[in-house]
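I am attaching a structure below and will ask some questions about it afterwards.
So that you can tell them apart, the chains are marked A, B, C, D, E and F in the order they are listed, and the count of residues begins at 1 in each.
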Amino acid sequence: MTPKHPPNQEHIDDNMIKVEVNLDDISGEWLGFVMDRLFEAGANDVFYTPIYMKKNRPGVLLQLLCSNQALPEMKEILLQETTTLGIRYYPLTVHRMERKFIQVDTAWGPVTVKQGISNGEVFQSSPEYADCKAIAEEHGIPLKQVYQSVWKQL
Amino acid sequence: MTPKHPPNQEHIDDNMIKVEVNLDDISGEWLGFVMDRLFEAGANDVFYTPIYMKKNRPGVLLQLLCSNQALPEMKEILLQETTTLGIRYYPLTVHRMERKFIQVDTAWGPVTVKQGISNGEVFQSSPEYADCKAIAEEHGIPLKQVYQSVWKQL
Amino acid sequence: MTPKHPPNQEHIDDNMIKVEVNLDDISGEWLGFVMDRLFEAGANDVFYTPIYMKKNRPGVLLQLLCSNQALPEMKEILLQETTTLGIRYYPLTVHRMERKFIQVDTAWGPVTVKQGISNGEVFQSSPEYADCKAIAEEHGIPLKQVYQSVWKQL
Amino acid sequence: MTPKHPPNQEHIDDNMIKVEVNLDDISGEWLGFVMDRLFEAGANDVFYTPIYMKKNRPGVLLQLLCSNQALPEMKEILLQETTTLGIRYYPLTVHRMERKFIQVDTAWGPVTVKQGISNGEVFQSSPEYADCKAIAEEHGIPLKQVYQSVWKQL
Amino acid sequence: MTPKHPPNQEHIDDNMIKVEVNLDDISGEWLGFVMDRLFEAGANDVFYTPIYMKKNRPGVLLQLLCSNQALPEMKEILLQETTTLGIRYYPLTVHRMERKFIQVDTAWGPVTVKQGISNGEVFQSSPEYADCKAIAEEHGIPLKQVYQSVWKQL
Amino acid sequence: MTPKHPPNQEHIDDNMIKVEVNLDDISGEWLGFVMDRLFEAGANDVFYTPIYMKKNRPGVLLQLLCSNQALPEMKEILLQETTTLGIRYYPLTVHRMERKFIQVDTAWGPVTVKQGISNGEVFQSSPEYADCKAIAEEHGIPLKQVYQSVWKQL
């Protein structure tokens, strides 16, 4: 088990922004696309919530997290790819844990495991989805089985 | 307190259909409109559920209840007003309670109360929303207060 | 195509407030009513999100956007019309695009189209729902067809 | 590892009913209560879905699964404890896997593990939540850690 | 009707924090547990919202409200009991109404009623769920009936 | 504009099954994966709904549509890839419209448009998402703009 990525240290990030947009005049197809574009442009996270809007409209609340520096580009994409004419946002703080990546060997090959560390103690170990998925597809075995195999080694 | 509507007897209705349509390429604005049209055309109920569809699309599941006889007209409206090319449905049974309507006097005038009756026993009394709303708006008082006033009289 | 409304200029509004209330002891009927009241009193937006609360309670998160000046009146309505005993809020910024309204002629009459403009460029054109709905109802044609007719003209 | 419960054999159950009720005039508090009552009375499952109903009402769709024999009692509870005047239902088939319960020893004591078996093969092993929770609370350790300890033993 | 608890005065609390965590790699079982733990540790409120995350993942947004002082302990529990490696938060203001508790007598015994008071005026009276539930269970009567009995006395 | 695919005729399909599974002990990561697997194996549709389950658990209702013939394979995948020990299902009818595919030329190349036809009349024309997305990505233009260009040609 050797580290694959350099460790990311625990820190408090005061430079983050939450951006929100309410959408009731756009289709789900476009929303699937805009999520991809926002991630590609560097959004830290993007997610949708179903909301109930006026006039019996099932709408969607788009929320995204980004750094202050990335805000202008995020706005640009939201204007281009959605139907909104108003974008709201507010600052927030993110406490990020130290992340370390180790490798675990399974019968089908190595799997990266992301560890969360606080005060030098590992409190969290998560097999990386992409690795497990690749094994499941290549070997034709259930994803569940790949995860379980990794958990047994931890 | 005198009945305003003729009572509807308790019965089992085996002639009902649930219709379902998945929608991921339509906006919330149109969905607000189609709900109105379906009710006007005689749907017994229409409601939306948020669903997660492929390719990260937040979609909407439209469900409606109607009689077998009304099915063709409901299909017609769904084709005209939504973007679906496939409409699915299945039969279901509805057990409807006896409904009786009484009037309760409040300081602001009478309010209809819908009663649910089973085996001759009143198990449910609900102030009619439309009456309470009209009083709240006319007299500039909270809707909550109108309901509470009716409940005290029951 | 001539403008119907004076244009609203693009600006950053730092005077906005998001208000939130969690509700698990109120019925959907009342929530439909309070949304109307909040809009009438000048809320910029009001919407509901389904939430999971303690003790298996399906609750509702009411969110509303308003200016700082409108906050006292919004609080007043929330106390009168909902069951909450605590109202929370925080400031946020809204970046509003320039809005221009043009008219497009269809076979059934004119439809207002709202345009979003940034740096002098039109990046968004949306037919106004109210106009399209009025035509659909008056002429007995699908709403979808009205929108499509407008889009072809743009 | 010895069995704690007699095994339940794999079978197709054609005697099941799905019951549905739409609710827009009841509070979340009551819905938490009725879920408990329905489970106590023998419902196989009970769950809620947020739905969008007419007049901007955030409503709740109650769904429950029960045997044909249990239907009358479920209806009775729904009439007593909710505000519905109409209960709809339809038959469905349930394919149940064979269930076997084994015990796994952890540092804090034994935990029951529910196994799913099909054609004699174990395809699923789930630590029982109640056992893991009891250990977590008694020993003041994270629930996550208890599960992980069980997974390692499987 | 005599007060059971000392009254809580109306006040504006500027010392509150909203904490948010997005979760897509944790099961609902664990989320039920962590809600309990957070409440026990003094969270003012904890609730979940369904969210749509990347790669077609139905996720959950955990939101909790706590005082600034409680933030470190809340973070500690979130790290121990969930799978998150990042916790975000922002300050908010809570306007709390004066709360008074009175007792109302019913045929089955006393029920506490929580009153909301603003400027000396009672604008809200809610029967306490725990009391009503205890009566419903002890006497085998519908919860609905207990509430209605209290409402009539108010 | 020439047809790209052979037309699919309007018909009523009585050979369809809706399959449902409730899940409260599985993570969103796995659910993203199982959706892909079910589609690859021939499911006509797969979608998730957020549900509220016992013990404060935010769960997920998986629904899938498939033909009677595909049911065994769908069950197999659900057992392998999810944590369920019980799979429920019921028959339903699907009314499918006639589908015709035409090509529309845009400045960036051709786009397939799916048409819905009933009684020989085109009531629906939808640009294919995959084509529009490919153009948007290749030419670096907003997806919205590609759709609008297609709509103008229709």
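Throughout what follows, a residue touches a chain if its C-beta (ideal position, glycine included) is under 8 Å from a C-beta of that chain, and two chains touch if they have at least 3 such contacts.
Note that this is a predicted model, so its numbers are computed, not measured.
Contact with subunit B and subunit F alike is made by A, C, D, E. Taking shared numbers over all numbers used, the subunit D to subunit F interface scores under half, which places it in the different class. Legend: contact pairs of A-C compared by residue number with C-F, A-E or A-F; the interface matching in over half of them is A-E. Copies subunit C and subunit F of the same sequence differ by a rotation of 180 degrees once their CA atoms are superposed, given in steps of 5. Relative to subunit A, the chain whose mean Cα position lies farthest away is B. Distances between chain centres, each the mean of the C-alpha atoms, put F farthest from subunit E.
Distance between chain centres (mean CA atoms), subunit C to subunit E: 29 Å.
In whole angstrom, the spacing between the mean C-alpha positions of subunit D and subunit E is 24. Rounded to whole angstrom units, the spacing between the C-alpha centres of subunit A and subunit B is 39. In subunit B, the positions touching at least two other chains are 25, 29, 35, 48-50, 52-56, 58-59, 80, 83, 90, 123-124, 129, 142, 144.
If the chains shown are joined wherever they touch, the resulting network links each chain directly to all the rest. Residues 50, 52, 54-56, 58, 123-124, 142, 144, 148, 151-152, 154 of subunit E are the ones touching subunit B in the complex.
Residues 20, 22, 25, 49-55, 59, 61, 75, 79-80, 83, 85-90 of subunit A are the ones touching subunit C in the complex. Residue ranges on subunit F touching subunit E, taken from their complex, read 23-29, 31-32, 35-36, 48, 50, 53, 55-60, 83.
For subunit F in complex with subunit A, the touching residues are 29-30, 33-34, 80-83, 129, 133, 136, 142-144, 147.
Per the touch definition, subunit F reaches subunit B in the complex via residues 16, 18, 35, 39, 45-50, 65, 90-97, 99, 114, 116, 118, 123-124, 126, 129.
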